[in-house]
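The first chain written gets the first letter, and so on, giving A, B, C and D; residue counts start at 1 in each chain.
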Amino acid sequence: MQTAVQITAAEGRGAGAPVPAAVAGASGYAGGELLALLARHPFVSVACLMALATDGKESMSIEAAHPKLRGRFRAACEPLEAARIAAAGAEVVFLATPHEASLEVVPALLELGLRVVDLSGAFRLKEAAAYARWYGFEHKAAAALAESVYGLPEFEAPAIRRGRLVANPGCYPTSVILALAPLLRAGWADRSAGIVADSKSGATGAGRKPTEKLHFPEVNENLRAYSLFHHRHVPEMLQALELSEGDFTFTPHLLPITRGILSTVYARLAGVHTAEEVERLYRQAYAEAPMVRVYPAGTLPEIQGVAGTQFADIGFALDAPTRRLIVVSALDNLGKGAAGQAVQNFNLMWGFPQETGLL
Amino acid sequence: MQTAVQITAAEGRGAGAPVPAAVAGASGYAGGELLALLARHPFVSVACLMALATDGKESMSIEAAHPKLRGRFRAACEPLEAARIAAAGAEVVFLATPHEASLEVVPALLELGLRVVDLSGAFRLKEAAAYARWYGFEHKAAAALAESVYGLPEFEAPAIRRGRLVANPGCYPTSVILALAPLLRAGWADRSAGIVADSKSGATGAGRKPTEKLHFPEVNENLRAYSLFHHRHVPEMLQALELSEGDFTFTPHLLPITRGILSTVYARLAGVHTAEEVERLYRQAYAEAPMVRVYPAGTLPEIQGVAGTQFADIGFALDAPTRRLIVVSALDNLGKGAAGQAVQNFNLMWGFPQETGLL
Amino acid sequence: MQTAVQITAAEGRGAGAPVPAAVAGASGYAGGELLALLARHPFVSVACLMALATDGKESMSIEAAHPKLRGRFRAACEPLEAARIAAAGAEVVFLATPHEASLEVVPALLELGLRVVDLSGAFRLKEAAAYARWYGFEHKAAAALAESVYGLPEFEAPAIRRGRLVANPGCYPTSVILALAPLLRAGWADRSAGIVADSKSGATGAGRKPTEKLHFPEVNENLRAYSLFHHRHVPEMLQALELSEGDFTFTPHLLPITRGILSTVYARLAGVHTAEEVERLYRQAYAEAPMVRVYPAGTLPEIQGVAGTQFADIGFALDAPTRRLIVVSALDNLGKGAAGQAVQNFNLMWGFPQETGLL
Amino acid sequence: MQTAVQITAAEGRGAGAPVPAAVAGASGYAGGELLALLARHPFVSVACLMALATDGKESMSIEAAHPKLRGRFRAACEPLEAARIAAAGAEVVFLATPHEASLEVVPALLELGLRVVDLSGAFRLKEAAAYARWYGFEHKAAAALAESVYGLPEFEAPAIRRGRLVANPGCYPTSVILALAPLLRAGWADRSAGIVADSKSGATGAGRKPTEKLHFPEVNENLRAYSLFHHRHVPEMLQALELSEGDFTFTPHLLPITRGILSTVYARLAGVHTAEEVERLYRQAYAEAPMVRVYPAGTLPEIQGVAGTQFADIGFALDAPTRRLIVVSALDNLGKGAAGQAVQNFNLMWGFPQETGLL
């Protein structure tokens, strides 16, 4: 029988036993965020922690990787293996791993009857061929890919509820799709005029591996645009928004901050609309979405309003005479852009209110 | 007879006596930058320092405002008055003052036969009416406005050379105009597709007055878009680029850094061009421009490459099949975006090589 | 009858109704932090929000002050008045107000039978005379001062449990006292050799009022020592540690970060001890202290390990041959240094486990 | 015959030909700073650039390492070899290399008759044995070590003037020695009371090699004390200040900024002195030191006052009744703490005024 390894278990809070969960990739930034959220979730108990690399040792202390979590977990990180996860009694597995690792372990996890929330890009694109172009590898887990569900709760809730494998969206795509989907679904955007998404992200979005590009003095007091026209998150946005490549330009930038994404999205309306109508469109689209906050016309979200939270905030400005619309969306790349969204997906999968443990 | 007030004077370096200069608005960020540049300029001697407010005192120490300048100047800041400047023997006046102050003092300075480089927006727009709309005041210095020259050395050198009143461009406009002018002048951009300039600036661009918006914890770890569709720098860009309002969208953002602007500019080419052709276009446009550095295709400038320098750096990426072009330009808002450009204008006005004192 | 104003109430979680609480000074940084903690606390319901200044209006939206709290509270901030608080049904009042405001409202609140946690310095010093010297005012609320309890839960738990007025310690004192108290109480420090506490704090510790000293470009990429020998928090530390002024030197510094304090504390041991003995001394002192984490010898806490948490982390290094000891303590100035400690005090006052709502 | 490789040569400015210089370690942070200074120095021409590693290629572009230097140098970085330096005609060599590389190349350079300014720690300690303890290697270049001069111009100018091998002091030692030397040389400090130097440095002080400790999200919004009691710079300070290990405690901290060091130094006066006397002591000590600025009593230097400059700023506060003195010193770790000091040493070695090219 499994036991929770976190010190403050949620036992007794809910009716029935908490859901035992495994977290793989626990030593990374998204993994640490997940652990912090799960330790506070009333209906989850963390059954095991797994790290990709345990420095050749049998296990690795979680507090070496995440000083904030010192004293919060009894267990150390073990090497990632499907069998260990099953043995620990986990029913759900959160994979905060690189896509290579997810590709390898997911089929085995499904085989063992576990449900998976995968934070990597390994199962987000419907067409296997897209992986060759954008990721540079041949996708061989066709069966898993076929059954994977794109885990954007605001638009895919029914499929997520019954999903066995939920592909948690990327941080940039979450930010851009939430900003554009209501507009595009309503047919209000003039696609031929082109849509530009200029996004700016904090450095944790680039992961924990030290590189010269992420060396402190190279990021601090700097701003850098990168991967122009060919960022891996582009196909995910095209797929979700049903846009063609020539009509949609996405540019990511590296901000000298730890966490948070702000996307400034430019579109032209196809018809004439007032700011009130645009606001109503967004409010209706997100009426049932507890983790999206729509701002009143003329008020714009900022990164500070979402950093450390699990919300995505959406605001806009309209120049009605010229039909130019700018939508600004903000979220925490480790929150709604990663761990928070993963927990929201978990909540849907197990029938809890979406916001459980996220406020 | 005037005397240089800076400790390390340039005496003897050039042939002939250095040009005596006054700096008004010396206690602000651009003023401090100007002083640092002028103290190092081989053909200038600072004749007097002026501050808008001297806290009710007769004068104000410059090192209280700028600790970096401790020990570099003999004189204190006096209250700004045209007569004092003339009395100090200055031949050129740098106004790093708010537009209200520039509006008031410029006619008197011209009357006294001084030449002026004005860093404010007071004399940048050709049409007085534009001031009513974008700045909210009635422009009454019509004669001065009529003779003012827009001080962008890369495109207005002949007029600057003979100018008495040079209106130093804004930091955002310098960044955006340098990115777009070669393209637009060549007629290569499809204006009907719209042009988007998404700019991000460090906090010194907003000046030195403490406000809640610029309070450290409100800027740090944050990013904020502001003044959507109605920033004061828009008309300056429309004027210089000969664009109409509906075809050009400019969005400024406040970065959590001290200095630097990065502009990401989106356009669609009207015809078919290769990256090599685009690079050649820019190289030719700036062949005689020592303060603009054009990057090879595929290499992009970053803020760190220009912060603390007087350069504007320009790079781009082209998606040839879809004719989408992204131009990225970087400069230091206090350097090429303000003080460095002012000195470059001064160099032109007095016949020195443009880069004198700026490398 | 009072109603909770926060959206996610804690109803039903505990046995019995949650404790209705008022938060005054809700628009400041500590106030916002308190609201975020209380909204998540299982046994508290926020009954009313009060701001010192509501900009002349009847009330002020809390999300204007704290974008993160958008959508989390039903009520707006009202002007601070004891009668309003009582009318709202609050049983406990958290005062995140300047000491002037606390001094004025505390007697009235006690009179109305409310229990108070005051985050200001108004009731921390036992001797009224000390206020004249260190704060520059004549303390006139003698009765309240006499009954106030210094709210450092690790050392004053019994008095806090029965306290009506708990004076929440300052952020710097919490950091320094927790670092030194075990050593001094054990008599292990050579007081005559002098003790130095060199502390570094994030900018939220200085409050929300914009000033030139806290203007973004003046704090960013900077470090500044201030208030040498005469910071207001000195007498609080001398009182709690029973040190004399000549033997204890405290220097605060302003760090270019938003939150967190690191104190590096230098002492000389009176006798010979090993690192193991020192570690044991601290472990024993904090064996029952859930919000203090003692690090193993040779491991040091950092600000990142505590920022956003309610913990104080303590580590040390000993040079045994020369008996030099350095204790390093880290906490979040808005967490264990303010709001987290206030909630910890509340938990003690109402008999909940100290860490309730703080993990 | 050698040719200057920098674009803006200093030709013609001075009387006589400029001194040809080689810079090794050009791709590091101190190397880049040196190049920027030398490109502006009126009496130097950069004859060749050398990098430790050129990525297996024949040479490496300097602008890849330092975008700010784009367009400033004609030559690329070659692999470091004594013979190449001599062949390039250099008369002085600046080694901004790790101590391993300096140890290896210095004897050959001296052999070739070149004069060397070494920025590493390889030749700073007089006793070879100290290298075994503090650096962990056996020092085998005894002859070079014997003739090396400790390059602190404020106290060693005569020896530096005639030196062939000048060991440029470390950044922390420069900051701490300048703060303490006047006091200790005057015999005003009570050594038995112990002296504490609590230093805080920007991240460029740790070099350019990416490591987890210097990964942006690990430094940002953080402060970390490190190397307690055993930092390599300790013996250098003990040697220069003639202090014994038990009486002097040095603690470095890593600040979330790019450049700058602030040292807060605690001492107790042996006798009774006023603040005026202390100020006079420091003013006299640095009366002939153009790169040290002494602040008036009660005014303290900050990092912003020195970042980007070549100055060291010194201020203090005295609590006369208890004889406690706090000296605060600030410098730029890449400026007066490295490259600026190296140029100052060069100026002394060639008989130029110390501040040449540094203002």
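As a working rule, a contact is a pair of C-beta atoms (placed from the backbone, for glycine too) under 8 Å apart; a residue touches a chain by one contact, two chains touch by 3 or more.
This one's a predicted model, so the numbers in the text were calculated from it and none came from an experiment.
J.: Among all other chains, pick the one whose mean CA position is farthest from the mean CA position of chain B.
T.: C
J.: Taking each chain's centre as its mean C-alpha position, how far apart are chain B and chain D in Å?
T.: Each chain reduced to its C-alpha mean, chain B and chain D end up 35 Å apart.
J.: What's the distance between the Cα centroids of chain B and chain C, rounded to whole Å?
T.: Distance between chain centres, rounded to whole Å: 46 Å.
J.: Taking each chain's centre as its mean C-alpha position, how far apart are chain C and chain D in Å?
T.: Here chain C and chain D have centroids separated by 41 Å.
J.: Could you list the positions in chain D whose residues touch two or more of the other chains?
T.: Each of 202, 218, 220-221, 256-258, 302, 304, 307 in chain D touches at least two other chains.
J.: Graph of touching chains, which shape: line, ring, star, complete, other?
T.: Shape of the chain contacts: complete, all pairs touching.
J.: Per the contact definition, I'd like the list of chain A residues that touch chain B in the complex.
T.: 193-194, 196, 198, 200, 202, 218, 220-226, 228-229, 245-246, 249, 251, 253, 255-260, 262, 264, 266, 268, 300, 302-304, 307, 317, 319, 321-322, 324, 326, 328
J.: Please give the residue numbers of chain D that touch chain B in the complex, ascending.
T.: Answer in residue numbers: 7-8, 13, 39-40, 67-68, 70-72, 221, 293, 301-302, 304-309, 311, 313, 355, 359.
J.: Give every residue of chain C touching chain B within the complex, in rising order.
T.: Where chain C meets chain B, its residues are 29, 202-204, 208, 210-212, 214-221, 256-258.
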